[in-house]
Each structure stands twice: as C-alpha cells, then as structure tokens.
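Each of the next two complexes has chain A plus one more chain, namely chain B in the first and chain C in the second.
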Partner chain A sequence: MKSRQWIRWIWPIVPILAALLVTSLLLLLFGASPVTSFDAMLQGAFGDTSKTLSVLAFWVPLLLSATGLLVTFTAGLWNIGIEGQIIMGAIAASWVALKLDAPSAILIPLEILAAMAAGALWAALSAVLKTRGKVHEIFSGLALNNLAIILTNYLISGPWQPPEGGSFRGTEPFQDAALLPLLGESRFSPLSLVIALVAFGMVVVTLRGTLWGLKLKALGKNLRSAFLLGVSSEREMILAMMFCGALAGLGGAVRVLSWFDSLRQSISGGIGFLALLVVMLANYRMFWIPPISFFFSMVLNGAITLQLRTQLHSSLGGILTEMMVLFVVLFGDATKLGIFRKKNDHE
Partner chain B sequence: MTMSESQFVLTMASIVFVSMPLIIAVCGEIITERSGIVNLSLDGSMLMAAMTGFVIAYESDNIWAGFLAAMLVGAFFAFIVAFGSIRLRQSQFAIGFVLTLLGDDLSAFLGQNYTRTPGPTVTHFGIPLLKEIPIIGPIFFNQDALVYFTYFLVFFTWFWLFRTQPGLRLRSVGERPEAAFARGVGVNRQRYLYTVIGGALVGLAGAAYSLDVKIGWSDGHIRGMGWIALAIVIFGGWSPIRGALGALLFGATKALASYLQSRFPEVSVVAFNAIPWLLMITVLLLVGSDFTERVILMAPQRMQRPLQRFLRVSPPKALGSTFVED
Partner chain C sequence: MHIELRDIRKHFGPVKANDGINLVFEGGRIYGLLGENGAGKSTLMKILSGFQPPDSGEIVIDGQPQRFSSPAEALGKGIGMLYQDPLDIPAFNVKDNYLLGRDRRVILNYKTARAELDEITSRFSFEIDQQATIENLSLGERQQLELTRLLVGGAQFLILDEPTTGISADQKDKLFNSIRKLAWEEGKTIILVSHKLDEVQELCGEAMILRKGKMVGRTPVPCSNEQLVEKMFGQIPLRGERPVYEVGEPVLELQNVRIPTYRLTVENINLTVRAGEIFGLAGLEGSGQQLVLKACAGLVKNDQGRISLAGQDITHWSYQRLRTAGIGYIAAGRLEEGLVAGLTITEHLVLSQPSHKFFIDWASAQKQSEARITQFQVVGRPESLADELSGGNQQRLLFGLLWESLKLILLEHPTRGLDVRSSDWIWEQLYARRNSGTAILFMSSDLDEIIDRSDRIAVFSGGKMSRILDAKTTSVEEVGRLIGGQE
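Up next is the complex of A and B:
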C-alpha cells in the first residue's frame, strides 16, 4: 500500500486536470486558444471589483442551496426539485415586495420568511408525494420544477406584468425599500452572505452534533435499520425536504432582491442543478461545500465573459464543471476502485 | 360533432407521428431497466444524439449516417452508466444525472453553429394498399419508414422480453440476479449488453426528433422529453406495449391541449404548458399510491385482479442495485 500512497495524494487533482483537458480540446475544435479562453474566464471572474462582487453575489444562493441539499442527501433523498423550490421562494418574495408597502426593516424579513415558507411547502409536496403516493422524488421534483417555471411565466405575462405591457421578460422593478442593502453599485448583498454562512454553520452542527442529524444519517444509510431504530422515516423525510426547501427559497429571495430587482423569466439560472453538482463533488465532506460552490460561481461568471469576448456558447462553463463532477463521481472514490484492491478482496 | 372525419384522421395520424421518438426511447429504456440498470441520462443523451445525428446527416448529406452516429452517442452515454455502476460501483443515479446536465450543455456547445439550419429529413412513404384501409390506413400506414420501424420495435421488444429464452435471461438478471448467476447467467455481461442496446435506441429517438419530427436542431429543443420518457417507462409498467400506449396518450394530451388552446384563446398559453407535468405526477400517483390500492379493494371481487393488472405496476426487483459476481 505504501508505494501507492502518492496516487492517493494526487488523486483529487486528476478530475480537475481531466476536465480542463476535455474543455481545452473542445476549444481547439472551435479554433479558440485554450490559454486565452481560460484567461478570459479568469478576467471575467476577477478582472475588476465589480466582477468579483458578481461572483460573490452568485455564490450566495448557490451556497444556500448546496447547504440545503446537504441535509436531503444525508437523508438519502434526491432533491432534484430544488430548482423549483428556489423559484417558488423568488415568487413569494416578489409577491411581498410588489404587494406590501412598508419600511425595509419590516419588508425584508417578511420577504425572507415568505420565500422560506414557499420553498419549504414546495419541497413538502415532493416529500408527501414520495411517502404517501410512492412517486419517486426525482420525478415529482422535476414536474414541480417545470410547474414553478410555468407559474413564473404566467405571473410575468399576466397578473404581475409591468404597466407598459407584458414582455415576458419580468415584472417592474420593486420599490427600493424591498431590496436587500447592496455593496456600492454591485449586485452583492453582504447581509445575504452572512445569512448563508450562518445557515451553513447551523447545518454542519445539526448534522454532526444532534440526534436529528443522526436520524437522518440512519435514514440515508439504510431505510430498514432506521426503521428498527425507531426513526419515523416519513416524518424525517418530510422535515429534511422542508429544511432544504426553506434554504432554497431563501436563495430564491436573494436572487430577486439582490441579483435582480424584479421577478424574471429565468430567475434561478440553473442554481439548483449546480448546487446538486456541488454536493456530489464534495461527496459528504461538508467543509468543501463553500469553496467548491465559490469555484463554480467563478467558472460560470467567467463563462459569460468568455461568450461576450469570443462568441463561443457560454455552456462551456457548465461543461467544465460537469466534466469535473463526472470524473469525480466515476473515479473519485479511490477505495472503491479496482486499482487499489487486491484480486480476491470483495467489499 | 365538431370535428369532421378527415380532421379526426389527420389529428390521430399526427399524434402517432409526434409520439414516435418517445416510443423508441421508452422501448430502449425498458430494455435497460429490465436488466436492472437505470439509465437516468435520457434527457441529456437524447439532446446529444439529436445534435450529433443532425450535424452528421447535414455534413455527410446522408440521413442514415446521422442515425447511426446518434445511436453510437446514445450507446456511449449508456456505456458510461453501465461501466460506472458495474465496474466502478458508483451510484447509477449520480452518474446518470451528471450525464443529463453534461449532454445538455455539450450539445448546446458542439451544435452552436448548426442551430435553426434546415437539413435532411426522413421522406414520407405511405405503404401501398395498407394505406387505403379506411381510417386505420391513413392513421398508421401513411407515415414514414421510422414510424413503421417503431411498430416493429414495440412488437419485437415485447416478443423478445416475454416470449424468448434470451428475454427470460434478461428479465432474470433484473429480477433475481443471484438466482440467475447461480444458473450460469453472466449477470453483468447481460447488463452491459442491454444497457448499451437500450442506449442506442435512446440515441435513435434523439435523432428521430432532429431528423424527422422536429426537422432540425436548436439547443434544448427537446429538453424534458427524456424525463417524460423515464416517467412513461414507470407508467407503462416496464412493458413495451403499455409504454407505447402511454407515449401515445401523452401525444394525444398535447394535441388536445393545442386544440383547446385554439378554442379558448382567452385562457393563458402557459396554463396548457402545465398539462404534461401535471399528467406526469397524476399517472405516477395512479400506478404507485396506496390510495389506488384501497380503491381497487373496494371494487367487486371479480374485478379486483383485472383492475390490479391494469392499474398497478411493480418495477424489476433488482432495479438500480449492483451485483458482485463471485
């Protein structure tokens, strides 16, 4: 085993290199230089203060969603419906922002509460469909995602359309009092980052140090042994989903109240699916979640600049992150791999 | 009657036509899942196959080369799922889900210079004599070669699964891999084989959109169809004939929605977009929930068994599990 120690050390870097290699090949295929392209991406992420603040602003809802998913993944649930939970949170926050006239000190907490409640309820729907209806959460989540998108489009083009007519782009901008306090001219709200980091800390403590965390782990590892231990699987599943939905809804509120100033058509921007990738990449190592989600935010923001500069499709950022996760999911868990295993050594 | 007979025939024929790719994908996934593996990557692999099929057919001006390339792409995606779960023992769901997102982005990137370009399509070909049969003829036999292949595929998949020895082996590795292995069946070899074959059909389904039903490629134009296919596999109880009926039902609902939309323009367009997803939840609830079971038990004794067979489904018992041969 000793001679193979070095493989274990460099192993985590391999997926990153492999993903960079594949994306470089794709760039070459389209006649673009990988070096200039990756440089453009870096410039797009950290080129100036406003770009860096954009990375931070995108990071907050992503971190919130990934933190929520930590709970559902621990309970063994595939919360693909997180995308819809973010959107429902955004809708609920927008509803308060559009319909209520109040000072910031009252309005913002109300928006956040409404968003968390909406996300939690949307998630609970998925959970109840699973426990009572035997509908797998992947399918209910997916359908609920699409229904949330359709609801957004309906609101934007119908009841909440701006006075000058529905353009399918978004509602009119919210009143200033409804928006989160932003740093300078950026779309970054330091308050939201503090909330996200606190939420992350709370989840880490909950999962590591409380009985509920232990119950969720039992549930995720083995449904039957959890049942024998007296864990009510239905109750814990619904609670875990609602917990995640509340954080996702909060992420949605951050999207409409800081990144945008109104409810938009693609309000989530794929953050929910991205958060799923973050948690898969972290593979239960909780403390990796903030840095990985920050890195993803950097890549996706960089890809937008890449598209502006080179006219190449911005899906390259997605490809880079997905390749990385694919390699980690396939080869990352070194102990499961044949190369670390003697021939006659099973499980 | 608000619809004339010819209108009815035309509508039905178009339902059969637009449902065809979905039926192919459903058959492919049924073959894969019957062997015990879930290929969750359908939504992404169909997009990749649709893009590849279109680009290859466009560049080579040979539509069959396009279909072949699409099938290879679908088979390759499926192979990754099989290899990852069998050899590397990782979660099939995780691999499939990442491949879904990757296929979506990769197809958008690689196909970026080919969006909304007119390209080759399958030519229409009515079967002589058969297409003259009243009503049935124009609905089923005035289509194109790919549609006729789909009829054959549904029947052949059913026959293979339920009426042949190799089909029995295939189902045995999905139901009781230990028993099959004890009887000398190479469980994982079977799973590789049928996952890849199923994946090739999924690829064909993707190209059936870009080279036939949708005529062309634009990124994300069939996003969601892979997930619908996966849901129909469940609704269809892992049977190709019932799965095909499920796909046709889905096509019919969409046709109904667009008909209603033209009749009631005052109702928002977006309301009709919700129908497929509400339908997805409803049918999965119908075949899965305990409530259905209770309703069935309230029916007269003689009706219970047929109702159960009609409404309840059960997945292959070893679906999604890994098997270690030793």
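Up next is the complex of A and C:
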C-alpha cells in the first residue's frame, strides 16, 4: 500500500520522462546529440541571470491562467476560451495605458482592474451562451478566441496604430509609468509574481475550504445531483468562468505591461492553450500546477537558445511539451492502466 | 452445466462483501438468491458474471477452474447476467443494439440478426418491434431484448438481478413463463436475485440466503415466508403498524394542471394533499405520475392550471425557491439525481444544509456528519464516498439530507431495491414526518406499498388520473384494473 501511494504521488513525472525519451530518439534520428541539445536548452533557460529572469517572466501569466483553469475544471467546464480572455485582458490594460495619463500608483492598479474585468466579461459571455443558449463552452470559446484576435489586429492597424503608420506589428510603446516595475534590464516584474502566487494560494483555499469551492466540485462531478442538492448551477457556472477569466485577463495585463511594452499582434502566444495542458498534466493535483508551469516556461525559453546553438529549430521545445501532453493522455489516468486498483461499487 | 463457487472472497476496504462463499449450481434448476441490502448478493453475482474479479477463491465450470476478465468472456463460457437496468444504448434501434458486441464483421449482417431475433422472440412470445429505438421501449421490452441477446450469445447460466422491478404484470408473467421454459425444457440454470419473497416462492425450486457476506442457508421452496425472513435477518422484523393520524389543512393543491411533454401529456389533474396525509400515486412507469411529482418540485413546468402550497400560489416557482418554501424531493435515481459520486457524506451534508457560511468549518461539519450517520443508521463513515455506499445506505443518506421542517415531501420509489427492514425503516421516518404535519406525496410501482402505506391513492394510466381511492377500502385488484386503464 505504501509504495502504491508513493507511485501515485510522483505519477505526473512519468509522462515528462517518457516525453524526454521520445524527444531524445527524435534528436538522434536527426543526427543531433540529445545531451548537447538538452544542455543547450538548460543553458538557454538558466545560462545567465537574464535568461532565468526571462523564464520567470514567461512563467507568471502561464501560472495565472493555469490557476484560473483549476477553478473551471473543478466545475466541469472546458474553458478553451481562456486564450481570448488573456487577449481581452491585454487589450483592456493597453487601453488604460494608452489613454490615461497618471502616475504609476494609480495607473497600474487601474490597468490590472480593467484587464481582470475584461477577461471576466469575455468569459461570462461563454458561460451565458452555455447556460442560456445551450452552446457548449468549447465552441463559444473557440469563436471568442478568434474574435479577440481580430479585435487586436483591428486596434493595432486602426485606431491604436503608431504615429509612423500601421504595420500590424503593434502599438507604440506605452508610457514608462504604465509599465510594471521590472527587475533590472529584464522583462520580469517581481510584483507580478507575488500577485500570481497570492492568486494561486487564494484558489487553493477557495477550492478546499469554502462552500463555493465545494459547490463547484459537486457541479463538476454531477450537475443534476448538485442542482437537486441546492446548488444554483447557472450562477455558480457563470461565476467560475468569470473567476477564471479575471485571472486570465490579469495574465494578459502582465504580458503587455512587462513581457512586451505595447499591444502586439500575438499578445498571448498560446499561453492559454499551454495553461490547459498544464492543468491536464496536473490532473486535479493543485500543488503540481506551479512546478509544471515553471517547467513548461523553462523548456520553451530554453528552446530559443537551442536554435542559436545547434541550428535545431526552436519548435523542439514545442515538440517536447506536446509530447508530454500525448503521454499524459496515454498514462494520465493511472487507474486506466490497471496500475492502481479502482474502487469498485459494491452492495 | 455444473457450476461451483469455491471460497469466494471480496473485500472493499474493511467491508467483507463476500466472506468465503461456497455454492454449487446444477443445470435445469431455478435458484433464488436472497439477502438484505448489503448482504453481498450483487457482489457475488458480479464476480460470477465477470464484471469484477474476486480477491480469492475460484469459479469451477464442469470441473474446469475459470477466470473471467470481462462479462463478454463470461458469456463466452455460458454465463450471462441480466442487469436491473439493461446495458443497452438508448439511441440505437433494436437491431443495432442486438448486433453490438455480437457481429464483429465490418458489414453487419442484418438478415441473420432479424431471423435470430424472430426465432427467439416467437419461442418466448416476446413482443419487440425491431424498428423501434431503445428509448421508446418499456423497461420490460428492453429486458426481453437483453435476454434474447444473452441467449443467442450462448448463455447456459442466467443471472437475473431484480428482473421484475418496474415492469408490468403482463410482462412479468411472460418473463416467468420463459424462465420456466428455459430451465425445465432447455436445461438452463437460472438464478433469480430478488427482494420479493413471493416471486422466489412462485418461481424457484431452491432458495439460497446470504447474510453479511456469508451463506447462511439453503432451503427448498415453496416454504413459509417466515422461514426465509428469519434466515435473511437473523430475526423476524416487526412490521411497523400504520399510526393513525388526523389529517389537517390542505398543503398541496393542484387545480386543472396540464403538463405537456413530447411523449405524454398529463391533463386535468386535480388533487389535494393535506397536512399529515400520505398520498400514493400508482401506475406503470411513464404514465404521468412522475411528471406530476416533478411539476410539484418545480422541475417541469405545467402550461395550464395552478399549483399551491399552503394556500400560496407556487405555479412556475423554481426548484430552489420551492426548496426554501419547504418542499423536499427525493428522486428515483440515487446516484443520478440526488447524490454526487466522488463526494463524501460530510460534503453532501455541507452542500445540502442551508446553515453554512462562506468558509466551511470542516471540524464541526464532521461532527454533524457523524451524528447524522448514527441517527439515520447509514453504514459508512463521514469520509465515505456516496458511490461506495450500498443502495439502501444511499437512500438512508438521502433521507438524512432532507431539511428538518418541511411542509411537503415528494418521493419517487422511496423503497425501490430495498429489503423489508430498510423499507420499514424508511416508512418509520416518513410516519414521524407526517406526525409533525408534513404532507407526503409519493409514487411507487409496488402495489402493496401503495395500498399499505397511503391514506389515499390516485392511479395514472396513459397520462390520465383516476378517481381518488381510499386506501382502507380499496384492493390490489381494483388498483390493478385502474393501472390497466379500466374503470
């Protein structure tokens, strides 16, 4: 029994190891040495302070989004629209940064609030379409993701284009007061990390210790029974989506206010989808979320150096993460493989 | 076919569901397997039919020890089980369902399928419309189809789990006749798992009784019911007397209620349930009685008429609002509409009770949970998951989740699948409720329960409600006639 428990605890690492193995085989196939390649990746992630800070800066919005998704997954909702919620958060923060003239102490809280509100509203749209319009949140989410991208493109090539002319690349850089305080020359804002960790802690407490968290858990497991037990399913679903949207929007704000300094074309860069993978990999084990998202950030940042060093394309990082997800789907549910005996129903 | 079970053991945590069971079955005989809820009947039958493996012990067929890893494998060896809820796919039509899992070719052979179906259905005079989709069949017809599938699959040994729950008297007679034919003319072995002693007496040649995971007796039947009951419970449970109670003011009133659904429209429902009154709704499954209950609970909407609670118009109120107004509702599907699989007893209690604030005080919730478990005699611990409990304990838990003071309790099949003792216990709880002035409206497919427990009865047939009967003066025959739509 004891050893079983132990295996169960480290189980999430297994797909990671399997993915590393398969990626190594791929590298060998292309005549590259896995050792040098992974070393290059590690160097790319932690080679010097600026690289490490880059990993941290990328980690923050990913962690925020994954934290939000923990809430929607608990409620049984597939919030694919998270990508759009991040983008809407970025747009709202940019709007405040571009249009308002104020000192940092006022501007930054306003940007953050606007971003959270925009993300929450975008998510609420998906939720209401589900509860009132019977549209599954996956479909509305995908549609709203595209709408958010189109809106970004319109803004940066239209009303918000830089004075020297629209180029589809982004707005002009924000005023200095609008940016989050950064550490040295890096793109990492310690403040954003503190906010993300606090948000993660709040979500853990909410899901474990509050009535609302319990309601979401019940909804996620059996909507009908939860309703009959007195959970107002529509209200709680909308709230769960908005909660996630707010955190995703906050992630979007972090992207424009620290990683970039302006609203760009691909402002999210797939962080929302990546966050979905993080949560799937963690599979309801909340405390795995920060380390897994950190690992993803490390791999993707390291892959850039890999390309510079070894001429291997940086998509290798992508291959590695996607591989992991495939292996999660394969190995993820340990009970399916018969490694752990599932509790049978009995008389 | 000769089947022997040797020292079968199956434990679920500390619960010994099967604790060293030895049994021998001979061909051509009909056995009854009896036992109260949680005695281990279902576990044993699931092991025998390949649904789950035993922890230890072996199954020996004609001298050969066997191990099954799936029901399909067991069927390959001739063992088939008919589940209480047939395992079919509702959206499929009869032929597709029949072919599923039987025909492994790419192009399905419908012609042979039709011939096979025709042959068996005519042999047992089943009536199955082959073009119909499963969701339009009655439970009895689905059962006949499943039985056919098992027989064509080569089943020599049939396990029937509570086969008469929810089917009509006519379908029951047909089922029993085909069972006799299968055993006596074709030499097949039949095990009937049932709570209904009368059925076991009527059909079986021998009864085997399980108690707390052990075999406690085999006896030839027919024998006296008392003898069986004593073996099942270790004592004869006293049937609770129906307490006399003066009914009070009207609590629930329905006036000219009409509920339209795509399958059935219920019309002209007029009834009044008074404080302290127990009102029973009889009828075949899907005759409209469930719709009336659900309308009273705010789960379906009536398009005409008025529903009122203690004088207040509650037509079209939402379920949650009615709940706060003092209506408790327990649906038929315990794990589908009532309990959440994967949540603990304590978590259920916290969810369902109105008193909790933003943060959950888990320590005091745990204490409350322990108190309820004792009070409602649930076999389980505060941290037990709802889906780990037996059916009877799930029902006890559902009663434990009802609020303290209620004006009206609505119940669908309050004792379905429960043994005599659990049923009596449930009704004691309901009598205590009525004594404090709660009105009770329930539906049941068990006629004895309807007549024994109700004060007044209404019978539904094809969406129409009969005149209202006084339970003291009516008879099973009269109610049976009304169920069949005869006046």
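We adopt the following convention: the second predicted complex is superposed on the first by the 322 of 347 C-alpha atoms of A that agree within 3 Å, B and C clash if a C-alpha of one lies under 4 Å from a C-alpha of the other, contacts with A are read in each partner's own complex, and residues count from 1 in each chain.
FYI, a residue touches a chain if its C-beta (ideal position, glycine included) is under 8 Å from a C-beta of that chain, and two chains touch if they have at least 3 such contacts.
Everything numeric in this text was worked out from a predicted model, so none of it was measured.
Once the two complexes are overlaid on the shared chain, A:E234 sits clear of chain B and of chain C alike.
Of the two partners chain B and chain C, more residues of chain A are touched by B.
In the superposition on chain A, contact is made by A:K134 with chain B only, not with chain C.
Of the two partner chains, chain C is the only one that A:L211 touches; chain B does not reach it.
Once the two complexes are overlaid on chain A, the chain A residues touched by chain B in the first and by chain C in the second are 346-347. Within the complex formed with chain A, the residues of chain B that make contact are 40, 80, 83-84, 87-91, 93-95, 97-99, 101-102, 104-106, 108-110, 112, 219, 224, 227, 230-231, 234, 268, 270-271, 273-274, 276-278, 280-281, 284-285, 288-291, 324, 326. The touching residues of chain A, counted against chain C in their complex, run 209-212, 214-215, 217-218, 221-222, 224-232, 343-347.
Of all residues in chain C, only 10, 12, 15, 17, 37-43, 52, 319-320, 323, 329, 331, 335-343, 347-348, 350-352, 354, 356-360, 362, 385, 387-388, 390-391, 401 touch chain A in the complex they form. For chain A in complex with chain B, the residues that touch the partner chain are 26, 29, 78, 80, 129, 132-136, 138-140, 142-144, 146-147, 150, 153-154, 157-158, 273, 276-277, 280, 312-313, 315-316, 318-319, 322-323, 325-326, 329-331, 333, 336-338, 346-347.
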